[in-house]
Amino acid sequence: MSTPTLQGIIAYPVTPFTAEDTVDLNVLSQLIDQLIDSGADAIAALGSAGEAAYLDAEEWQQVAEHTIQQVGGRVPVVIGIAELTTKTAIDRARFAQLAGADVVMISPLAYYSLTEQEIRQHFTSIAEAIDIPIMLYNNPATCGVDMSPQLMLSLVEQISNITMIKESSGDIQRMHQIWSLSGGSVPFYNGCNYLALEALNAGVSGWCTAAPGLIGDQPKQLVNAVQSGDLSTARHLFYAQRELLTFIVKNGLASSVKAGLRMNGLNAGTARKPLLELPTPAQATLKQLLDNLSA
Amino acid sequence: MSTPTLQGIIAYPVTPFTAEDTVDLNVLSQLIDQLIDSGADAIAALGSAGEAAYLDAEEWQQVAEHTIQQVGGRVPVVIGIAELTTKTAIDRARFAQLAGADVVMISPLAYYSLTEQEIRQHFTSIAEAIDIPIMLYNNPATCGVDMSPQLMLSLVEQISNITMIKESSGDIQRMHQIWSLSGGSVPFYNGCNYLALEALNAGVSGWCTAAPGLIGDQPKQLVNAVQSGDLSTARHLFYAQRELLTFIVKNGLASSVKAGLRMNGLNAGTARKPLLELPTPAQATLKQLLDNLSA
Amino acid sequence: MSTPTLQGIIAYPVTPFTAEDTVDLNVLSQLIDQLIDSGADAIAALGSAGEAAYLDAEEWQQVAEHTIQQVGGRVPVVIGIAELTTKTAIDRARFAQLAGADVVMISPLAYYSLTEQEIRQHFTSIAEAIDIPIMLYNNPATCGVDMSPQLMLSLVEQISNITMIKESSGDIQRMHQIWSLSGGSVPFYNGCNYLALEALNAGVSGWCTAAPGLIGDQPKQLVNAVQSGDLSTARHLFYAQRELLTFIVKNGLASSVKAGLRMNGLNAGTARKPLLELPTPAQATLKQLLDNLSA
Amino acid sequence: MSTPTLQGIIAYPVTPFTAEDTVDLNVLSQLIDQLIDSGADAIAALGSAGEAAYLDAEEWQQVAEHTIQQVGGRVPVVIGIAELTTKTAIDRARFAQLAGADVVMISPLAYYSLTEQEIRQHFTSIAEAIDIPIMLYNNPATCGVDMSPQLMLSLVEQISNITMIKESSGDIQRMHQIWSLSGGSVPFYNGCNYLALEALNAGVSGWCTAAPGLIGDQPKQLVNAVQSGDLSTARHLFYAQRELLTFIVKNGLASSVKAGLRMNGLNAGTARKPLLELPTPAQATLKQLLDNLSA
């Protein structure tokens, strides 16, 4: 299996909805093009930002297929999967592979808390059902499962098509452990926007982020500054973006990014209920943050 | 609206599966009869113990309908609903009402964390769509949302068919607050098995539990002992059951109860993957606990 | 060694200060008499409520001696010890024994976190240095050490003059574990005021509390109601006191009780700086709570 | 007031004890010289590493005076103060000033939790009593008080001789907030060893650490690499040191550093009881870590 090289900015489109609460594929196309134009090195659909948890099965397939088609090979496509049952996760992983995804990013999802053995079996079963590479995704805040670096690295070691790790716990020490325990040999990715500066310094291969939808190539500039050893510029860029990066995480990626897109002139609708539009004061804050960054 | 009087033991059947991983309605019928025979004052299907999160839409409807039919009016029936989108929650609540449920027990379910306003709107929309009473269900460990006593009481006050509260956070102070803030006027229920003794002393109207599936009328005996002021017997009964009550929560209700049912001679299958059968040492512990309680 | 029977209400006087910030032994005498008159079954000086942590060595000895003298054998006297070094803890324990204390209540105190081995050695060294019984005191919030029921019970088992446990973590499950693991054979005490109802039902031998300084025999009435199996009265008494019991813990025992004593006509001064008098709004709340309970 | 420029490595000597458990001033002198020889830009005595919490008043003064004398103006001297009462903290701050300290580093210390108003008054009272600059020190794990960046910055703004912040909570976001909220104008310092790489990138003025006692100028090399924008070398140096930096924090600075000093040939005794020598397996781990770093 040849693993596509994921590095740099892995950009996450939201899933746009029409006024009738159906998926808006036209706007999704525009958003994908905009992300690629801003320098995204890969496109990742149906992650947290993509409201995958709030789509029905048909919508999910629609978004997966359309994303792959719209990207059209310009950059690799990652499809996110976070399902409560192993069976549904396998179905979606197979679908993604058939549809032409380059990578699937898979998080366990918990109602009952899962034991390590249950997590291992979940991933083993999915990995056996597909041939494309899997990025393990640890996001305890949304998925209710917290996988240790040790557990994730052992899955990478034991299962040939599990090859990458996305860490979104918000704890920089986890990234240090991944690097230390693997001798820097396993590609890992930052999934916590406001941890970007330290994650890049810690050795991530890329930054998974929905922020380029709002602030274009500025996250990529930060990646570049760190990679070129220009600490002063990197620090300046990070502190300029930090408040926005924190805002969109704390206020919910889907609601925040959709509100910001509308401010920037792209109507991707609102997040699906029970999620609501950002409260008015939060919208004012967001407007200010975006204005500051576009100056 | 006349609210059915829920009090005493609200018993939770698991959802049995066949060897082919389909819902086993025959075993479900047996289990329901067994629970009613052991003195259950109500039957609550499709809660956490019922693996509702792991059923597809059709299975969910099947279990709801069959439970109501099998109970046949002997005791009230509660149907649990915990859905990520408001739309799906409304659909299920309407279905439950049409099928003849006496009460729906509703928990918000979070992928993105929910604001208080989002929770309010979720419940308001559901309540407006049905006429039967709603029991608010707070279970942060499985549902990812923690509703304060204040929030839940304000929903009870503002929405006429939200009339009851089930508290499963495991914090006895929450129950004290519900009682204190409402002057003891709002019926509330214990959803944390190992908190049973203090919850009963704190003034709950009932105890929501899957334990009667394993130990018959012993939970009801505890309820009766507290209500009759026989502290010594209550303490004795509680300490006798405590380790089992803790075990089934800590090891997952569905997996634990299914393992115990099999030990007691009723084959309800295993929990749905990624959930696994209890590990062998845990099964041995459970066997010992059940043996001690059946002596 | 004959262990004094500690049960019922173990009352905690604050350490009164004069306007010149010296210990006010006259007021201490009055407070001790008042506590015994309100039915205290034992007096415990130099616990958290007694601001032991804020006294210098000489003051500490003064309060220990004076308390024992003033109680004069009417009820047993417990002296609290929580010191950072083992050497100082031993010195104080020996002093307490020489001064005539019936029991010493000992908590480890942490700057660096302590290992189980360090805790064991601390208690072993102190226990070997004295002959009077020791009550282990677990109060993680103030002392920075959290001793499990298992650890405390093993100390009770291994060291002959460690005979009692005071649990102040606020987690009722710890008390259940102490009872279950010891078969109810080790006397344990509630140190968390707002947990009083459930602690009494869980089987504690007594309730360690500063509340009688403010509300006289009402805590004792609650103890009596539970012991006589009068659940309805117990619940009524507990809910009447609950808000006050919570208030004095959340606002700091020393500051709260001293403010309340002044409202009741006894000037015990204020807590030592950096502790400040209760803010004005909190004083108004406290006044209302006391008025409600004295009606 | 002219503030001494603290930057780079602020090195923390432990407090050596003789076999008779008295302070060993000879070894302290050797250790101080060794730290300065390894490139320390300042010496900070009587912090956590210095076991200040475990010294009596006389010993504390002895260590403060001797440190200042031994450093002899080669680099600035910082004296740490963490006292339960405001009065004692003032006494020690005055003593430090008289003895010739350049800076006092002050942490509140909690038995009862402190309100923001209590913390403000504590610092105001101390600051008014001295003329030398104060470094605010936030170390919730050992001191039981967690000061927010907002609170600390407002103290810096309002009180003229509070001029620096040392952040030891282990949360890199706090450092980002200090920088963002102050526009990078307030010098702040990293007190969490294993956060060194990200703290340096986040803009700290220096790194407060006991590690140079064990690994000489390697921490300073890391500081230099970041400052010169050599990310690759910085990352390499950090990952080489990371396990040791984590070890000495997790196992207690005093015990760990004293064990390591002995391995390196300097007998600084053991930490004071109840602290014990590192367990044998931990000593073996430490030996291995030191060997790897000296290779």
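We just call them A, B, C and D in the order they show up, numbering each chain from 1.
Just so it is clear, contacts are C-beta pairs under 8 Å (C-beta built on N, C-alpha and C of every residue); 3 or more make two chains touch, one makes a residue touch a chain.
Remember, it's a predicted structure, so these values are computed and weren't measured experimentally.
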Checklist entry - Among the chains, which is located farthest from subunit D on the basis of C-alpha centroids? => result B
Next on the checklist: Please tell me whether C-D or A-D has the greater number of C-beta pairs in contact.
Outcome noted: C-D
Checklist entry - So what's the Cα centroid distance for subunit A and subunit C, whole Å? => result 52
Checklist outcome for this item: The distance between the C-alpha centres of subunit A and subunit D, rounded to whole Å, is 39
Checklist entry - Counting in whole Å, what is the centre-to-centre distance of subunit C and subunit D, each centre being its mean C-alpha position? => result 35
Checklist outcome for this item: Per the touch rule above, subunit B residues touching subunit A in the complex are 48, 53-54, 84-87, 108, 110-115, 117-119, 121-122, 125, 141-144, 252-255, 271-276, 279
Next on the checklist: Per the contact definition, I'd like the list of subunit C residues that touch subunit B in the complex.
Outcome noted: 172-173, 176, 179-180, 184, 194-195, 197-198, 201-203, 226-227, 229-232, 234-235, 239, 242-243
